[in-house]
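Structures follow.
Two complexes, one shared chain (chain A), two partners (chain B, chain C).
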Partner chain A sequence: MRRSWIGLIGLIGLIGCTAELDEPRASELDTRLETHAVVAGQPTAAGLAYLEYALAAHREADAIAEPLARAERLLAALDRPVPERDGIAEIAALELSARASESLLAAEADERVLALLGPALPTDRSLPIDRASARCLLALGDAAARTGDHALAMGSYARALELLSLLMMVGMEEVDS
Partner chain B sequence: MTDSLSQSDLIERELAALGEEPLQDDELAMLAGEAQALDGEPAVASTARLFELAQPYDHADHAELSELAKQRIWRTVDSRPRPSGVGRRGREVGLVAVVLALAAALVLVVVDLDDERSPPEPRDREVAALADQTRSALRALDDGLGDTARAERLTSEYQQRLEGR
Partner chain C sequence: MSRRLTVAVVLAFALGCDQQGGGGTVVPDGRGSDSELRPEGEHQGESMAELALRLDELTGRRASLVAASNEDSSKCEAVCELSRAICEVKTKMCTIAEERVTDPDYQNLCRKAKQQCSEASDSCIRCVERSSLSQPEASCEGSPVD
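Let's turn to the complex of A and B:
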C-alpha cells in the first residue's frame, strides 16, 4: 500500500505542475479540465425510462455490423433529453456518445465526431469523473488528430489522461477502504 | 519437518507457475560443482538455488540456507511477473503502474509545452505518443464489460434503487 501512496503523491505533484496550463496558450492548446464526482442522486421514473431507452439503443446497435449505420442508431438515441440532476443518466448519455463516436471513427466520419463532441466537451464544461468521459475525450482527440488539429488532439488527450488519473485515485481509495 | 516439506511444495508450485522445468539430477550435480561459475547468471543461479531448496533431502550438502539467503530467493521470485490470479496486491501494483504511466504522459505534455524550442503546434509524433498513453490508460481501467452489458448493469442498479431494494 505504501507504493500506492508514493504513486499518488507523485501524481498529485505532477497534476500541480499542470496548473500553469490552466490558461490557453498562443498555440490554442487548451488542457483545462473541469470535473465533478458522479452523484447518483434520487432515482426517478424519468431517469429509469432514459436508461432503458439507452439500453435499447445499445442492444439494437449490437445487431448492426456496419459502423456508420450503428452510429446513426446511437446518435438517434442522443436526441432524447437527459433528465436533469441525474448523474447516472448523464453517464448513460456519455456512454452513448462514446460508442457513437467510436463507430463514426470506424467509418472514418471524423468531421462528424468533431461536430458531435466538440460542442459537447468544451474545456469549461464540467465532466463526470467516469471512464465514459475519458472515452469521449479520446474519441475527440482521435478525430482532431486525423483532421490535422493537433492542438485540439493534444488538449483532448491530456484532459483524458488527467481525468483518468482522477478516476484512478477514486479506484485506489476504494481498494484502501 | 512439516514446515520444511510445505515450503518445498510452495517453491515447486512457484517454479511451475513461472514455467521453469525441474532440473535433472545430473544438472543439479553439475550446478553444485559449478556454483561459482553462475555468479554472472543471477537468474539461472537463483532458479537452481530454488530447486536445491525444494529438494533439501536429496542434496544434503546444500540443504542449509541462511535466513538472508532464503529472503533473497523469495524476493527474486516475488519480483517476477505472475502468470495469473494476481489478487489484490497485484491490482494495487497494477494501479500504481498505471498512475506512473499517466504521470509520464503528463510530464510529456508539460515538458513539451515548456520547451521554447518546440514549434507552437504539437508534432505528429508527440500527438501519437500521447494518444497511445491515453489508450493504454483507458484499457487499464476497462471493467471488462461491453457497452450493452454496462448499460444493463446501470439500468438494473438504478431500478433497484428506485424500488428501494
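Let's turn to the complex of A and C:
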C-alpha cells in the first residue's frame, strides 16, 4: 500500500515536470541575419503564374474589410507551393505572409502570427533584401512583443532594422548615381 | 498775419509730402556712372527662326530637368519612408530595452538602433536638400503671350 502511494506521488511529480516542459519558453536573443539580393531577370512561366495568383489573392483581400477574414483569404493563398529558385516569386510569397500577418495582428491573433512566421523566418534562413522580408520580421517582432517574448521581439526587430538599413543604403546609392 | 501763417504751414506740408512721396521724375543728365553690366552668354540670334530653335532647345532642356527632378523626388520619398520605418523600429526596440535596463545586450541594441535612426534621418534630409537644389524655378515659368 505504502509503495503504491510513493508510486502515485512519483507519477504526479513526473506529470508536473512534463507539464512544465510543455509550457512555451522565452526564446534566446538571436539577431543573426542572412540575406541575399534578388536579381531582376526573365521570370519563369511558373514564377509568372505565381505572381498572377498572388495578385488575384491581394485583389480579393482588398475587398474584405474584416481583418480576420482578410487574413484567412491571404493565408489560403499561401497554401500554393512557391516555385523554386525564383526570387520574384519568393518575394511575392513573403508579401502575402506579411499582409496576412498584419491582418492577423489587427485581429489580435498574435499566436497565429507566431505560428505562421516563427518557423518561416529562422535566423539561419537567408532572406531576400526586400521590404517584404522586413515587414515579415516586424510582424513577428510585434506578435512576440505582445505575447511577452522579449528575446524573439528584440531579435526580430534587430533583423528588420538591419534589412531596412541595407535597403536604405541601396536607395542612397541610386540617388547618388 | 494769420492768413500768411496758414499759407506758410500748408506750403511746408506740401513740400514735405512731395519729398517723402518720392514720386518725382528723374531725368537722366548723361553724367551717371556706368554700371558695367553687360549681356551674358552667347549671341542668341536675331531672326524668328533662330529664336524659335533656341526656344525649342530650352523647352527640351527644361523638360529633361523636370523629369530628372521628379525621379529624384520619388527616390527621396522612398528613402525618407525607409528612414521613418527605421526610426519606428528603433522606438519599439528601445521600449523593450527600457524593460530590461540591466541587460547590456538589449541596451546595446537600443543604442545601435538610435544611431541607425539618426543616420537614416540625415540621409533623408540630404536627399531632399539635393533634390530641391536640382528643382527648376517654378516661378520662372512665363505665361504664354498671344
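Just so we're on the same page, the second predicted complex is superposed on the first by the 148 of 177 C-alpha atoms of A that agree within 3 Å, B and C clash if a C-alpha of one lies under 4 Å from a C-alpha of the other, contacts with A are read in each partner's own complex, and residues count from 1 in each chain.
To be clear about the criterion, a contact is a pair of C-beta atoms (placed from the backbone, for glycine too) under 8 Å apart; a residue touches a chain by one contact, two chains touch by 3 or more.
Fair warning: this is a prediction, and the values are worked out from it, not measured in the lab.
In the superposition on chain A, no contact is made by A:A77 with either chain B or chain C.
Of the two partner chains placed around the shared chain by superposition, neither chain B nor chain C is touched by A:L94. Which of chain B and chain C touches more residues of chain A is settled by the count: it is B. Of the two partner chains, both chain B and chain C are touched by A:M154. In the superposition on chain A, A:R59 makes contact with chain B only, while chain C stays out of contact range.
Of the two partner chains placed around the shared chain by superposition, neither chain B nor chain C is touched by A:L140. Legend: residue contacts after superposition of the two complexes on their common chain; A:A45 is shown touching chain B, with no touch to chain C.
In the superposition on chain A, contact of A:L114 is made with neither chain B nor chain C. Residue overlap on chain A between the chain B contacts of one complex and the chain C contacts of the other covers 29, 31, 134, 138, 141-142, 145, 150, 153-154, 157-158, 160-161, 164-165, 167-168, 171-172, 175.
The touching residues of chain B, counted against chain A in their complex, run 88, 91-93, 95-96, 98-100, 102-103, 105-107, 109-110, 113, 120-124, 126-128, 130-131, 133-135, 137-138, 141-143, 147-148, 150-152, 154-155, 158-159, 161-162. Listing the residues of chain A that touch chain C in their complex gives 29, 31, 134, 138, 141-142, 145, 150, 153-154, 157-158, 160-161, 164-165, 167-168, 171-172, 174-175. Remark: chain A residues 1, 3-4, 6-8, 10-11, 14-15, 17-18, 21, 25-27, 29, 31, 40, 43-45, 47-48, 51-52, 54-55, 58-59, 61-62, 88, 91-92, 95, 99, 131, 134-135, 137-138, 141-142, 145, 150-151, 153-154, 157-158, 160-162, 164-165, 167-168, 171-172, 175 touch chain B in the complex.
Note for the complex: chain C touches chain A at residues 72, 75-76, 78-79, 82-83, 85-86, 89-90, 92-93, 96-97, 99-100, 105-106, 109, 113, 116, 120, 123, 127, 130.
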